[in-house]
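What follows are several structures.
Note that subunit A is present in both complexes that follow, paired respectively with subunit B and with subunit C.
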Partner chain A sequence: MKRNPLLSLSRGLLIVILATFAGFPVYWMASTALNVNSQLFNTGQVPWPQLGNLPELLSELAQVPILRWLMNTGLIAAGTTVFSLTLGSVLGYALSRFRFQGRGAIGFLLFMTQVIPEALIVVPLYAIFITLGLLNNLWGLVLANVGFSLPVAAFILKGAMDAIPYEVEESAIIDNCPRLGILSFVIFPLIAPSLAAAAVISFFAGWNEFLFAATFLMDRELWPTSVGLASFIGQYETPLSAVMGAALVFSIPAVAFFLLVQRKIVAGLTSGAVKG
Partner chain B sequence: MPKIDFKGITKSFGPTTVIRRFNASVEDGEFLVLLGPSGCGKSTLLRMIAGLTDISGGELLFDGALANDWTPKQRGVAFVFQSYALYPHMTVRANIAFPLVMDRFRKWHHIPFVNMVQRWKVMRQPEVADAVERIAEQLELTPLLDRRPASLSGGQRQRVALGRSLVRDPSLYLLDEPLSNLDAKLRTQMRSEITTLHQKVKRTFVYVTHDQVEAMTMATRIVVMNQGYIQQIGTPDEIYDTPANTFVARFVGAPPMNLLPVKVAGQTLHAEGDSHWQHDGGAPKGATSAIFGIRPEKLRLTAPGAGRLPARVAVIERLGAETVLGCRLGAEAADVSGISTEDLVFVRTPGHPGFAHGEACGLDYDAGDVVWFDKSSGQNVAATPVVSTPEPAFEG
Partner chain C sequence: MSTPTISRQRLTALVPYAFVAVPLAYLGVFMFWPLLRQMWMSLTDTRLMNPTKGDFIGLENYRHLLADPQFYTSLHVTVVYTLLTVIFGVGLGTISALAINRPFPGRTIVRAVLLFGWAVPNVAATLIWLWIYNGPSGVANELTEWLGLGRVQWLTSIDMALPSIMIVTVWQVAPFVMLVMLAALQSVPDEVREAARVDGADALNVFRNVTLPYILPTMQLVSLLVAVWSIRRFEIIYLLTGGGPIGSTSTLVVQIRLTAFEDYDLGLASAYGAVGLVLALLVALVHFIFERRRARVMSK
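The block that comes next holds the complex of A and B.
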């Protein structure tokens, strides 16, 4: 079929416009990071990055433990992802495959966790964490984050498991596959796109989390980057270029993680489009 | 190879009972077909043999040992599903090898990544690789071994499903309507392939179908079921020639057996309407009314006035080698314009009989070919049924 050149052109143009909209904040972040602070508080900000200011930016970032913060963020995000996916897949499987009393109630309670605002449970959670000795502890923060991302992961994975014919599982039972093996050899490979989607959601929930981290972590060395970034804001001065520079560094691992799993997600979106 | 005995097997889902007091046995090496309409409980029974569905009551015996609570692994059966149930993410080779890989599975293989390496290693073991190659060759799947199920045709997928069950060489094969998703031509081909396979492997096959042609062509013995009850157990010939009741008579055979409720007055039989004819072969003793049954191929088409039953041709189905004619009884009064085929008497005759739609004709038969059924119970009154149900379902 011959392609309409006008249609191709307008489609390309639309993609460029949308990409510009999406990419501009990142560009502006980079541009701001490489500007001089004094320019940023006047009207004289140069709209393009000034690479000459890079050494100054690096020396400013060197004054804060940004690598340490990044590692903390990575630990929180990875912990949240691993626990959410592990528990979420088992929970999703139970909700999808087993008929038991209270199944509906569990589903409802999981949904309720998404309705309650985080801010509402900060104080009770603070009291619980004092009792359990989890205050000022990164694993405590992972636990709090898992509480919010686990239901989402479980629902996503339950939906994906619902779509797998039960006969495939029964076939594995006949083939002597143990129950746990059914999950790891049969179910997980089939729901890989949904696992990737749940991983992205859990990872970014942990990566971007601020409220719990700011409340439960006191030591500067334990802060994640989100809290570290907020600490730049001073009473009299906010070094905007350093904030933007740190934010830029903060976003790089997240983008890398997304690029890593996005192929699986796209594969999941298109699978089933063609009749097998 | 196990002999399987069912002793009063019952299955209920909540208040609904789908199988009631099922008593039968599956002999070593036989090809037993469970035949019945949708919802009659035949697939549930098969799943109970496999251990995929719990048994509500009664005893399932494998070689005399109570197997009600045995796991599918303990029963050592192979199961071929209607939808093939292949693992879509695995190649044909991995699908066929999977039961063998699982036989060599150890608990520590659950460790992530270790299991991937172990499965890969087991698949490369000579005895596993050779078994897969041998099965693939037997089922003509060798060129497809490295393809995934999504790129295979329905028949090829069915062969992979068979291969997966064959590879472990189980003593009992359970097949749940394995051909129902295939087109007519492929179904015929696969039918003979499965029959050949049964003769080759010399194992016990239990096959579930609602297709009476499959049952008649493949089975060594058929269990006809309806509404959770056994209607009849017998060889295909017994089922066809001496149906235990009107349900079996109507369910087995295409077109089904002609069943005419008649009033018996000496040598004269009166059907509904004004139709009556002379019958010299006797009727059920002492009965004034009964159901007169005759297979379509046992009826002979004659010139008008020549046969015992005057009729008029209402439907003609040309099948090439033979023709099926639907006739309405009664010569003059017969209305052949209606579209209902409920009250038609079907005649199967070889070749092209030369009758046109609406034309008058005669029907004749040999009295010995008539099968009599009791009018109220629907049971065959001449033949002693091999097994009859405690609560027979009469569908006249």
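The block that comes next holds the complex of A and C.
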């Protein structure tokens, strides 16, 4: 089959334009991190990455509490993942394996959570957290995050379990193995890729989260990276290259893992909306 | 012998509820209870200084809302922002998917690069775009000057702030659309496409009459997802412009935050929130109607 050369040329051009739009901001983040402030604000930014400035960037980064922020971020993200997967797998299992009254209503409630803006419940949560003493507390933040990532995890895991024939569990049920045991030892190994995808989604939901963290955490010591980075906005004491370097360090894990499990993430996010 | 069997059956009937109890209780406490509380709060005069107490004042906040010009601005901004991000986000995402659907050298790398906007965390994305849009030193202005368009006040002029935010939004949303559409394009049978081509149909015709019918349902679905996300989106708008200049980019969701934490008026903030929720639910409802109709068509 011959293809029109003009058509493939214009397609090539289109791809170049699209890739430039998509990739440029990330490239520019790296390029900015490797400039020095006098270049950025006076002589003009050097567009290519000046790798020679790497040692200077590292010493600038050392003055930003990036390690502490990343540690807080990691804790929040890990807590969000553990809670979301535990509760989400139990819920997903029930929705996949049992037919019971109220099943449709639960599906609808889960779908609802995907429509509610975080900014909407941040105010009442703030009031509730004051009552429960969860304000200014990393655990409180984790609990708030899980509300949004648990339903997504449940959707993904339910979808994966739907694809497993019931016969697989049957012998275990006859042997009177408790259901939770079946879930952990029979089902989990079979849906490992989806578990990994749900874990990545929950982890980076917690990793990226900003609104709850900015509202519920007052102590600088507790700040995750998202809040720390946002505090640089409109503030000029920290060199811009260090800000961009920190943003880059913060982005790399998210980009790497999203690219790794992209297809599963898409399947999960869309199935929630379809099967509601 | 019969009694234990019956109780056993009853017990079995309860098993599903035992499973869903804990996750649902969790969502009840941290999602639906706050939601109800928010609804209630919109009927009170609660202030941020004392957020657990407030007196019932009926529909006073809603009356206040309807008299506030900012409310109409916010509603307008939310609708315009949502519609345009859906059109451009879904459009660009679909074009990207069509462009890279066929194999070509370097496809894996291009595909990865095209996903960057989706994968970069919001706050990091905001920081780099703030620098790109920077007035005196940003690269966006270098580009417009080079094009002979002169300098643009990307985030600080009323005309340009919302479009500038939309560019960032499309950058973030289009990759996700692309992934979904790539999956949908897999469902288009190659034979049908080839047959149409053999019959002399040109590329545009093949797209319109063969490809499009296959991917249209998915486009619909992803449009609704993008719409809901646009109504919900907070971070990048709040961090890029803070809702300004003079409220021109303050969507309902951003307005909740400003009213609650800058005006300390939790009651009014909750009223803004209630309107935002209704808007999001409307989109969800449209989605449900579409889905049900499709299910009916497919079962025929």
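The rule is simple: the second predicted complex is superposed on the first by the 209 of 276 C-alpha atoms of A that agree within 3 Å, B and C clash if a C-alpha of one lies under 4 Å from a C-alpha of the other, contacts with A are read in each partner's own complex, and residues count from 1 in each chain.
One rule holds for everything that comes next: a residue touches a chain if its C-beta (ideal position, glycine included) is under 8 Å from a C-beta of that chain, and two chains touch if they have at least 3 such contacts.
Treat the numbers as computed from the prediction; the structure is a model and nothing was measured.
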Touched partner set for A:Trp139, first subunit B, second subunit C, both or neither: neither
Partner chain in contact with A:Pro189 - subunit B first, subunit C second, else both or neither: first
First, second, both or neither for A:Trp48, with subunit B first and subunit C second: neither
Contacts of A:Leu120 with subunit B and subunit C, given as first, second, both or neither: second
Which superposed partner A:Asp175 touches (first subunit B, second subunit C, both, neither): first
Which superposed partner A:Pro165 touches (first subunit B, second subunit C, both, neither): first
Per-residue contact with subunit A, leading partner among subunit C and subunit B: C
Partner chain in contact with A:Arg263 - subunit B first, subunit C second, else both or neither: second
Touching partner for A:Thr131 - first (subunit B), second (subunit C), both, neither: second
Overlap of the subunit B and subunit C footprints on subunit A, listed as residue numbers: 276
Partner subunit A, residues of subunit B touching it in the complex: 50, 52, 72-73, 77-79, 81-83, 85-89, 98-99, 102-103, 105, 109-110, 112, 115, 119, 149-150, 164
Parts of subunit A lying in touch with subunit B, wherever the complex brings them together: 165, 167-168, 170-178, 180-181, 184-186, 189-190, 276
Subunit C contact footprint on subunit A (complex, rising order): 1, 4, 7, 11-12, 14-15, 18-19, 21-23, 25-26, 28-29, 32, 40-41, 44-45, 87-88, 90-91, 93-95, 98, 100, 103, 106, 109-128, 130-131, 143-144, 146-148, 150-151, 154, 179, 204, 207-208, 210-211, 215, 225-226, 229-230, 232-233, 240, 243-244, 247-248, 250-251, 254-255, 258-259, 262-263, 266-267, 269-270, 273-274, 276
Partner subunit A, residues of subunit C touching it in the complex: 13, 15-17, 19-20, 22-24, 26-27, 30-35, 37-38, 41, 46, 51-52, 92, 95-96, 99-100, 104, 110, 112-132, 136-137, 139, 171, 174-176, 179-180, 183, 194, 197, 203, 221-222, 224-225, 228, 231-232, 234-235, 239, 253-254, 256-257, 260-261, 266, 269-270, 273, 276-277, 280-281, 283-284, 287-288, 291
